[in-house]
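Here chain A shows up in two complexes: once beside chain B, once beside chain C.
What follows is the complex of A and B.
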């Protein structure tokens, strides 16, 4: 009998069957062709519940091959529970290499952050998205939000931003700030902080977004304009972390986490665990360049 | 009819899909697809590999090149079903002698579901980064392209390019184009790209 090595396992390579992979691949191509548009897809069953990163996992498993080096972060950390379990799952079903180092990865799956280190043209960043519809807060029915996207009718969204400003004196959206992609579709960038939003625009890498529970895929290709929604007189701004620095590295220009000690004191550390490790052990990796970050750097060091 | 037993539908299609995704994300990037297959006359091997990477029984295709032989070839190897060009998800076209009427009927999607627009796969003689004699210069601009990017295509009818531009006039409705050549090269023009062309 001929030994068939390819099928030694009880599941297909990368867990998902080839037929479903092809469907996801076709939908991803369409998502890339229409930047910011949410493409419906099948969202097949996975060994984890929908809403726990299945959208990102579907994309990763449809793209990954044996030559890939995979990195996964959850809120910037390589070591959190969601990241560790999904990394083990991908590793076990694909035999690909895994890494903590951003620069070595070809596929980076992420929950709620973009890496602090700038991504290159050969890299693909895959987002796990809980709510892909930016208009859901202003319109409950999917049929209507589809029509609104089709007609580029974003009036309700603008009104909600205006109302937020009138009520609170600012646009009260921290994570998941709505953006306009390629001058056409308003898109939810998944709950990444404002700090990361400018890095979506005109990047070298490809961004793919997967919402497993909501069964939607979308994409931002490289060198695509992504603008946060803002008014002429109320501008988008990133988190400032004024006067704060990382307790471990002393870093001031990075997204910081607030930690509470047993003595009640608060300290801050760099949120991106690999970025922090690189600063601590090697040298500071090349960070993204955007005008908001440049302003922050000027403000920080002129003050100092 | 040839059944491609040497083609690995798992790993080869994954590799080729990744190259296609890269080309679609960065219009103007030229990639090379290769595999050990025996394609019937009239179709570029690269176009067949694009079909193998994307087609299955969930989708339909319309081949305007060599009707009977190629229909059977794709049915046997991908299980996709043949269809008329106004309903097909994938349309295979000869770049030099295109059936323009069929391409002009290609699906462009619906306003609420623009992704249902068709993929047009065009067989040409040659794709290159440098100028070709008797070719067409495509000037690409849009998402995925830093400023502008020029590529040169030999063996493509300008009438076909006009039809594609016409189908894409109401973005986000439109068709997405994959161009393949006889040497294994492939490049893509998504509907979001505002390209111009110039005959050389």
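What follows is the complex of A and C.
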């Protein structure tokens, strides 16, 4: 039990009652067993509205223990409003350690980014997912999309990628690029940038996805293949940031944010706030390794 | 062509009944009673006890008035509807004697994408109007495992060219096309994977006469070039006469007469066929 002094209320440890936590953990096990498959779950009421990170919060609270160290980021930032409030909430209801440092965290809840620093086997990354259904854009009925997943009928998805290429000369998916998990299910990776997509594949850590409003959980277990959908002659690409570097650290190999100054000029800074701080204060943390990033590094430094 | 050993599609006892049916349902409906509604249970017999064999490269016509079950028949064979009873076997699929009406949905989709093509009366049924014409054709090709955009576009252009749709307009949605063009896009999509079997369900109904002639001409040319077996459903005897080798005449969900098209048109045996032929002339 955790006591809240201000209103003299008592909560169960980590707010959610034990039976519901158990239910969520069972659903997570199922999700891990069938990579990329969306498992329906209870999505219990929380003190915040569904769709404001409740899916991620459900997973975090059902998994967290006293020995865990919790980190939460919102689009790469530890200090944004969404991250701060949810961190306070988790802290108040569990009293566990919280950190900004990626390497020290055991549970990392995130909105729309994967950390720039590579994650290890003891770490779990939890995504807050707004729309878990990758096929929603091409098929609006849930009954139909479930059938399509069951029969691995992804024709409409492929045609929409083809159409995108025909209309715009490229596959115009910025965030939430559709991926195929373990050669079977097409999955929405939540709106992470393309930069992060390759890091989902064959990772050491466990990725869990929670969509509170849509009441769905899914997972990418460690060492599972995650392939972005691409054609034989039109390939998936990550963001290039050609010729750009971070205004503060000079970093070139990281996902950059574009900032507009009051003078109308644009500058770029590293999006992942902890990654930037580590570079500034200590040393550059070990980054993910994937072939897209390797290409980017080669391209950047061969030019210079 | 009439050699019975050479067959492509064998349909036996194909039946579709809507609603609850009793043991007498089939005996108390049909052309004899001039009704397809069961007097006992009210069940509607859309088609019943349909048997026929289709040979490779052959064109089979199905005629009948509206409500005679001819559209139901092809929709059953294209898996748009579930059959109540009966079997259909496709040569070259598994062990030739597999009932394709009972395989899994995944297998049915495989058959639709690799072995069959369908052209509906209304292009909206066969095409997705939110996708471009090229995209609609691409859907078929993608499902057959072609994931190369360049070759998809090449094939789509070739198909549109051979069906006389202006290739520069392939990236427009069918919405902006005329009815005849939409129909030709639908045909391009249906034959995209060179299927051995094509269903044409009232393809020229609703088109004006000159466009009708063009579409029919094109179908006949494609049939000769690619040697596709076809089932042509129509209530229009002139379409049947122009396209088909053999004809089945249906009434109230049953086959009332079948034979060579010329024979049926010249010397109709069944009263209903005689009526049909005389109203043509």
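Operating definition for what follows: the second predicted complex is superposed on the first by the 295 of 304 C-alpha atoms of A that agree within 3 Å, B and C clash if a C-alpha of one lies under 4 Å from a C-alpha of the other, contacts with A are read in each partner's own complex, and residues count from 1 in each chain.
In the analysis below, a residue touches a chain if its C-beta (ideal position, glycine included) is under 8 Å from a C-beta of that chain, and two chains touch if they have at least 3 such contacts.
Values in this document were obtained by computation on a predicted structure and should not be read as measured data.
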Which partner does A:223 reach: the first (chain B), the second (chain C), both, or neither?
first
Report for A:184: first if it touches chain B alone, second if chain C alone, otherwise both or neither.
first
So, does A:151 touch the first partner chain B, the second partner chain C, both, or neither?
both
Figure out whether A:280 sits in contact with chain B (first) or chain C (second), or with both, or with neither.
neither
Mind telling me which of the two, chain B or chain C, contacts the most residues of chain A?
B
So in the superposed three-chain picture, is A:165 touching just chain B, just chain C, both, or none of them (first/second/both/neither)?
second
Hey, what residues of chain A end up touching chain B and chain C alike?
147, 151
Provide the residue numbers of chain A that touch chain B in the complex, in ascending order.
6, 12-13, 18-19, 21-23, 25-35, 37, 39-40, 63-66, 121, 146-147, 149-151, 182, 184-185, 206, 219, 221-225
Per the touch rule, the chain C residues reaching chain A in their complex are 105-106, 109, 128, 131-132, 134-136, 138-139, 142-143, 147-150, 152-153, 171
In the complex, chain A touches chain C at residues 147, 151-153, 155-156, 158-160, 162-163, 165-167, 231-234
Can you list the chain B residues touching chain A in their complex?
9-11, 13-15, 17-18, 20-22, 24-26, 53-59, 110-115, 117, 119, 142-146, 171-172, 176, 190-192
